[in-house]
Amino acid sequence: MSQIAGHLEPYLVLSGMLFAIGSFGFLARRNAISMLMSIEVMLNAVNLAALALGAFIPSLVGQGAAFALLIIAVAAAEATVGLAIVIAIFRNRKTPLVDEYDTMRQ
Amino acid sequence: MPILSLIIFSPLLGALGIAFLPSSRPSLIRFAALGISLITFVLSLGMLLGIRGQSGEFAFSEQLSWIPSFGITYHLGVDGLSGALVVLTTLLSWICILASFGPIQTRVKEYFINFLILETGLLGVFLSLDLFLFYIFYEIVLVPMYLIIGIWGGADRIYATIKFVLYTLVGSLLMLVAILATAFSHQAVTGSWTGAFDLIALRGTIADPSLQVLGFAAFALAFAIKVPMFPFHTWLPDAHVQAPTAGSVILAGVLLKLGGYGFIRFAIPLFPDGAHLFAPLMIALSVIAIIYGALVAIVQTDLKKLIAYSSVSHMGFVTLGIFTFNQQGVDGAILQMLNHGLITSGLFLLVGIGYERTHDREIAKMGGWAARTPVYAALFGFFLFASVGLPGLSGFAGEFLVLLGAFIANPMVAGASTLVMILAAVYLLYMYQRVFTGPLSPFLKGLGSHLTDVTPTEILTLAPLAALIMIFGVMPTLLTSSFAQSVETFLMSAISTVGQ
Amino acid sequence: MSNELLTLAPLITVIVGAIAVLISDMVTPNRNHAPVAVALAALGATAALLISQGGSSASALGGSYVAGPLVAYLGLLGISIVAITLLIAPAYLAARNYPTAELAAILLFALAGAIILGAATDLVTLFVGLELMVIPGYVLAGYAKRDPLSTEGAVKYFLLGSFSSAILLFGIVVLWGAAGTASLSGIAMALASGNASAGLAVALALITTGSAFKIAAVPFHYWTPDAYQGSPTPITGYLSVGPKVGAFVLLIKLFVIALAPLASLWIPVMVVLAAATMTLGNLVALTQSNVKRMLAYSSIAHTGYLMVGIVAAGAGQAAGIAGVLFYTAAYAFMNLGAFAFLTALQGRPGATTQLSDLAGLGRKHPRMAILAAIFLLSLTGIPPTAGFFAKTYVILAAVQAGGPATILAVIAVLNAAIAAFYYLRVIVYLFMRDPAEPAIQVAEGPMLRAGLLLAAIGTVALGLAPTPIIEAVVRALAK
Amino acid sequence: MPLPDVIPLIGLGWSDVLFLLLGGVVLAAAFGVVFGRDIIKSGLCLILTLGALAGIYVMLGAAIVAGAQVLVYIGAVSVLILFAIMLTQSKVAPLKLAFQTQVASAALAAVLLALLFGLAFGSTDWGSTVFTDTPAATGTAPVAAALFGPYLLAFEIASVLILAAVIGGLYLAMEPKGDEVGEELP
Amino acid sequence: MITAETAVAIGTLPGYAPLLLLLPLIGFAFTAAVGRRLGKMAHLVPLGAIVATWALAMSLAIPALAGGLGEAGASMPLFTWIASGDLSFGLGLHVDALTGALLLVVTTVGALVHLYSVGYMSHDDSYWRFFAYLNLFMFSMLLLVLADNLLVVFAAWELVGLSSYLLIGFWYTKTAPGLAAKKAFITNRVGDVGFALGLMALVVVFGSLDIHTVLAGVEAGVLVGPAATVIALLIFCGAVGKSAQFPLHVWLPDAMEGPTPVSALIHAATMVNAGVYLVARMSPLFAASHDAMLIVAAIGIFTAIFAASIAFTQTDIKRVLAFSTLSQLGYMFAALGVGAWIPAIFHLITHGFFKGLLFLGSGSVIHAVDGEQEMTKMGGLWRKIPITYATMLIGTVAIAGLPPLAGFWSKDEILGEAFKFGFTWVWLVGMVVAGMTAFYMFRLMGLTFWGKSRVHDESHVHESPWTMTVPLIILAVPSIAIGAALGFPFANGILANGLEPIFHPASVLLAHEHEAWTLFGIDGLLMLASVTVASIGTVIGVRLFRDDNSASLSSVTKRLQPLYDGSRNRWYFDDLNDLVFVRFGRKVANALWWFDRRVVDGTVNGVATLTSSGGRGLRQIQTGRVQNYALSIAFGLVAIAAAYLVLAG
């Protein structure tokens, strides 16, 4: 018998927590890399939700995994571009601290 | 032969043609523009003669499907009212173009192109019977006017021109919403878009009371700003003062009439109930405009501003007459529109002629002008007394009929408005006395030989106006009979269904 | 299978075209025009295919790709956007020696994404298509990689973009789970029965936020001005229309189709967002002295107008969607045109887009100035231009919808009046001021001129004769 | 002798324990990621998070995803760490370098979100089935069915997406050729 | 136009009647067009036109007065001027005894003034312009008296106003004429507002402004009670303005800035009588309201004494005459007010002639002393300019009301009827004014012609050319004889008989019954009284001013200093006007102008400023920092989620 692991809600709540933590990182960190990491955390939270729903919702059995794989792919693509952009701006600005990129404002 | 389309678009085609003329030959461009506007004028005269022959409310109707999905059609037609205004437009157009020969020396080509486009827009407004088409022309007018004031205007032209456009735009955009609402209500009732934008199809079919009120409010705001009615008038003095002479002339002569025309042709026939609901307010505002404009004109120090405020006062008669909803009032209102078009245009032309010599419009600097340029002074006096409403000149009949209509509607209103007989005499004669009589002012003396009398060309621009002022002064029936039919239909369509 | 292939042909052509562009670049290195030529050829072919399909709807890959009038419409619109961008960009990039090949390829990939957005019938495909359209945008924003502003814009765009993507994705996943299906129509059916649970509400919130970011609605608009200002001008032109069009397709598919049953929830929120968006966009645009940035804010305002159509559509007025689709087309031409004009002004590196730089252009380059005036008047919404009819269309829809939508319509027209001020101010500088010294040199060249002309033709044609487009749009909606 | 399904005293199943354990690790590690002042450490924490998540994926019967998770992400993240070392001058960043001035409001936002998700997802009826025991390992068949059924297009497009991303990434990351052109003025 | 409502059949005018209007109009048009090229020949066409007009006018006026045109007179409709719906206002001519009386004065004096001007204006550069204006005035004035529709009368009313404006301001290079002209026109407009409103009211009541239709309606008793009073008084406002009655009298003295012939023609003999004509013409309307009549009488008689009191102390020869004109017009209105219609018209005629004579005489004097108008700088001129002196003396005796000259007949009738109709107060005041008139007129004569000369350079003084003296001599004839010619035998002279039918309806409404005129009865006594008063005034005047005894004069004035100053300063009435209308009005206008700029326009600009400042404020939230942006996204998300949860319930 499993009162927790056998139910959908705990997984979703966990993913929600994870998502919240990730967003905190994104909002709070200054370093571009840290922000990227935070985004990864958020995406993984989404993945968790996808898999959980895929496992527990009858009509979605099996699709969860497919969805998750796609999400991983997309995440990878984003990360690639993201890193490239970070490199490019580091070349110009010589700092990874995002909040110092504020030439353009108002 | 689609004569109306021909009339509307011949200036536009002309403008296109001029675009291909070399800018290096301004005189060629000037005469080309003059020729085009004269051709349009002749065409419109032909149309005017043709109207009587035609049967039905609107002559020479043209209707082509344009945006069938919404039943928007290219629908033109002319009746006595619009016919008169069309001819006024074509007449003032060539006069303005002729009057611009001297004053406009920079970017001549662009100027005349703009002017011809403006003429097309104005003619389109008067001839459209489809709300959507009407709105499009109504907006198109803004662009060339914006440029004419903004490019060829005076020192503070940019403020003035932007104020003019924004002010008008606020009103007209709300009117657009009202037009769409009207069209949709028609579609909702009949289940089809056919005729949803067609004036004739819509007239008298709008039952929804809230639409009657809101729709009229939106239309009225747009037209009240155009007329302009108090308290929406403050764009006018700025625009007039900054605009080049021809700009002022067309502005006073035709643009302001769009408002009055809009009330008679669109706002009231479409929303009679709303109109009757708002009538007391409109009448009150008109009376205020009549007196207020005159009083403010008294203390103006700039000739153009003075005439601008006199326009506010005179156009007050138009709205007053319209909202009396009786024959005399409406007849008078239309007469007043046409006569104001002739008289005030003349005054602005004269101010412009003076400005050509003095490069100044400051009343305080003038004095004793008549001694140097008697003919100019005499012409000025002529138009001035026409503006005062001297019987025998065209100004009188309109004002008297409006006042009579007002008296029939409510003697108190007429009593208040009649005071303008005094005030008009005060601000105009006071101005004339300071500018033209008395000893020659040092400023004018300083101009020496520059202070020449009017040239033949200038007389040519004024003569037709003066002639018409005299003719319509002695025989206003020529006009009243020509638009009697329109007034009749208007009064029929203006009957509020709420009353009964 | 073969006819499935036929159905997919346009999509495939675009992708193949992208790869072909890269190959052509390897074959003939440092020849800027070759890739563009190839890309344009691919676009032409795609257009031909789309037209030949003639909007007859056919589905492929188990119904996850449904070609039809909507795809045809969006495809052709996207093709014109990309084509104009490709026509105006090379001169600008060459002057700063950036390559065109990557640009062409990436644009084509993005176009593919847009086509998929149009064709997608399920959440997953929709999302992947969206990413395919958006991610290239990040690259394009930073395309001038030696330029600090460009890279700064790119970083901001990317970070916020991926943040919002995560949010949107989370929402999509939860919605997918709650509805138990990925198919949009299926979701609509599933939601129709039973009322909104808390989880669904949160999912809806996530989706609203995510898509509001993509269309740059207040308060999710912040990336727009910085990304637009930083990007190379021609690319800004593309960014301001391409992704926006796609994002609105996303909105239509998610909200109007899938989430229709929850309209009573999201309409009020949309109304507030729309009002805030157009107002803020216009008010801040008023204060800008840099035309490029001003246009960025104005694009925010236009998002607000487009949302009016979405609201109307949510209230059940098909005219709402039609209005949005028409508006996207009109907006694409006039805004691209405006940026094409700015591109022309930045003939040489270092040329700025300050308002004062435009002074007296009407004297020196009348034709260019007149084109600019046309675009600006259209953006203002003065008839008879595309912009006017577009606004009219969405407002008509709003008026039909009645209730809050009508109030929104009134707010919209008042905003239009405010907007008129800053658009007209540009015209003031073009025609009513004396030329600035030193006079800016305007980039000429056949391609640029062609691009400008294309945009201008679109802007005027859609205004004078909107009927064909209207009919296309209406067909696109006919189920 | 076989273990009892239910652990005595606490009355939880093994799977529950496992879930709680992994979940705890995930959250703890995630905190490490966002709070760690040393970016390297937070990178390592990220790896830990992902690993633990992979475990949960297995529990959910998605072994493939778990695999992909490990392969792709461990790779990706290690790259991230490398960049981190490359870009950040000091390994241990002082607090003000690590965190934004708006950290407090950020925390507030995060807490609100957490509450939102927790309450909403917890309270919703998802019409989900309940597994008496750890969910049956669904195996690869249904996944494949899904990938090559409804999600085929998405799958193809994902590859195109990665291609596009790589091209763009390469372009941006490549050291620009020598000739520097003057910066654009704002 | 002429409808069946009119009781008595109306004849038709001879076909040449329109020429009465056309000739002067052509004269005006021609001279205005080419006059400036004609130089000193410019007067030929206008003069010819007027002489011809005079001939025609006589051919109509004399039969009209003699009843040759039938009781109701004769008409000739011309064309419809203004038409709207079922209302239409047509231009038509109508001639009856009343018209005839005015034609007599207008054309005769008009023709003579034209002739006189040939000499008087000969030195002026814009000679031609003067004649053009004069013809324009003649056209307007004739239109006024001939028109059969009140709207046309109103139009003519305005046109004579215009001519008067042009002629007063004739010497526009000086400042004063311009101001005077403006003042005249505007003051008249004040009255015209009432006139116009009265017309509108009449339209509402009768649906027409055709004089016969209206009067027939009134006689039929359609209009009674307060309505009648209000309408009558509104119309009367016009008369007050045009005939310069108190309180709108202020323009007439200033109008003396115009050339003297103008003063003679317009501001003495013709235009200022238009008000009298209007009231007489509308006599039934006034008779329909006793209150209205009372007010007319009161204003008339007050103006009479008020103006006379001012005339006492004026030293400008023309101003004395101007105030005397006011005073005499006051007489006429008093007469109208008491219902003595025929005497009023009688006095209008006689006054037209002798006042015209006096003005032209004063012009001749001014001409003689090259431009000087101050009587203090004259004196002892009778030897130098005997013709002028003789003719002016005739005029003075006439106006003084001494028998048997013209003034005596008409003035005596007015006073007599006033007394007999029971308006004793009018009669009393009238008597006093009669005395005052005689006094100040002989003062004028004394200061100008008698005593020692005060002219700074006598050698220049010379008699005027024949073109000026001939008109004086001609005018002297009617000034002597016309009273007797029209007024004898008492109470049924030509004029009385001619006008009786015209005023019959009004008299009926007033229930006046005419008992026979008795020389050895009340009438004889009244006549004796008025003659006595006039004689007393004459004697005092002559004694005081025969030869300059300024000593005794100044002693008199010393004793009455305040009265003297008041009278000299026209009882400060102009200053009051200046204060109330000019200064206060300007304040109001300025206040509104401020309101327009600051409030109305201020609001508009304020909205604009508000908008842009709002933009500047919102601009600040774009900080340029990604995390700030992200934070707003996060909070936006939370807010939206909350909204949904609330909406979902």
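We just call them A, B, C, D and E in the order they show up, numbering each chain from 1.
Simple rule for what comes next: a residue touches a chain if its C-beta (ideal position, glycine included) is under 8 Å from a C-beta of that chain, and two chains touch if they have at least 3 such contacts.
What you are looking at is a predicted structure, and each value in this text was computed from that prediction instead of being measured.
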item	value
Intersection of contact partners for chain A and chain C	D, E
Innermost chain, where centres are averages of C-alpha coordinates	B
Most widely separated chain from chain A, with each centre as the mean of CA atoms	E
Per Cα centroids, the chain farthest from chain C	E
A-D compared against C-D, more contacting pairs	A-D
Where chain A and chain B are represented by their mean Cα positions, the distance between them in whole Å	65
Centre-to-centre distance between chain E and chain D (centres being mean Cα positions), rounded to whole Å	104
Centre-to-centre distance between chain D and chain B (centres being mean Cα positions), rounded to whole Å	71
Inter-centroid spacing, chain E versus chain C (mean Cα positions, whole Å)	79
Contacts with 2+ other chains: residues of chain B	166
Per-residue multi-chain contacts in chain D, two or more chains	100, 102, 105-106, 109-110, 113, 116-117, 120-121, 124, 126-127, 150-151, 154, 158, 161, 164-165, 168-169, 171-172, 186
Residues of chain A touching at least two other chains	12, 19, 22-23, 26-28, 30, 32, 35, 53, 57-58, 63, 66-67, 70, 74, 77-78, 81, 84-86, 88, 91, 98-99, 101, 103-105
All pairs of touching chains, each written as two labels joined by a dash	A-C, A-D, A-E, B-C, B-E, C-D, C-E, D-E
Touching residues on chain B, where the partner in the complex is chain E	163, 166-167, 230-231, 233-235, 292, 295-296, 298-300, 327-328, 331-332, 368, 370-371, 385, 390-392, 396-397, 400-401, 403-404, 407-408, 411, 414-415, 418-419, 421-422, 425-426, 429-430, 432-433, 436-440, 474-477, 480-481
Chain B residues within the chain C interface of the complex	66-70, 107, 110, 135-136, 139-140, 142-143, 146-147, 150-151, 157-158, 161-162, 165-166, 169-170, 173-174, 176-177, 180-181, 183-184
Touching residues on chain E, where the partner in the complex is chain B	79-87, 151, 154-156, 158-159, 162, 165, 169, 172-175, 177-179, 181-182, 185-186, 189-190, 192-193, 196-197, 200-201, 203-204, 585-586, 588-590, 592-593, 596, 600-601, 604, 608
For the chain C and chain B complex, residues of the former touching the latter	362-363, 366, 377, 382-384, 388, 392, 395-396, 399-400, 406, 409-410, 413-414, 416-417, 420-421, 424-425, 427-428, 431-432, 466-467, 470-471, 474
Residues of chain C defined as touching chain D within the complex	15, 18, 22, 60-62, 64-65, 96-97, 99, 102, 105-106, 109-110, 112-113, 116, 120, 122, 124-125, 127-129, 131-132, 135-136, 138-139, 142-150, 154, 174, 177-178, 180, 182-183, 197-202, 229, 290, 349-350, 352
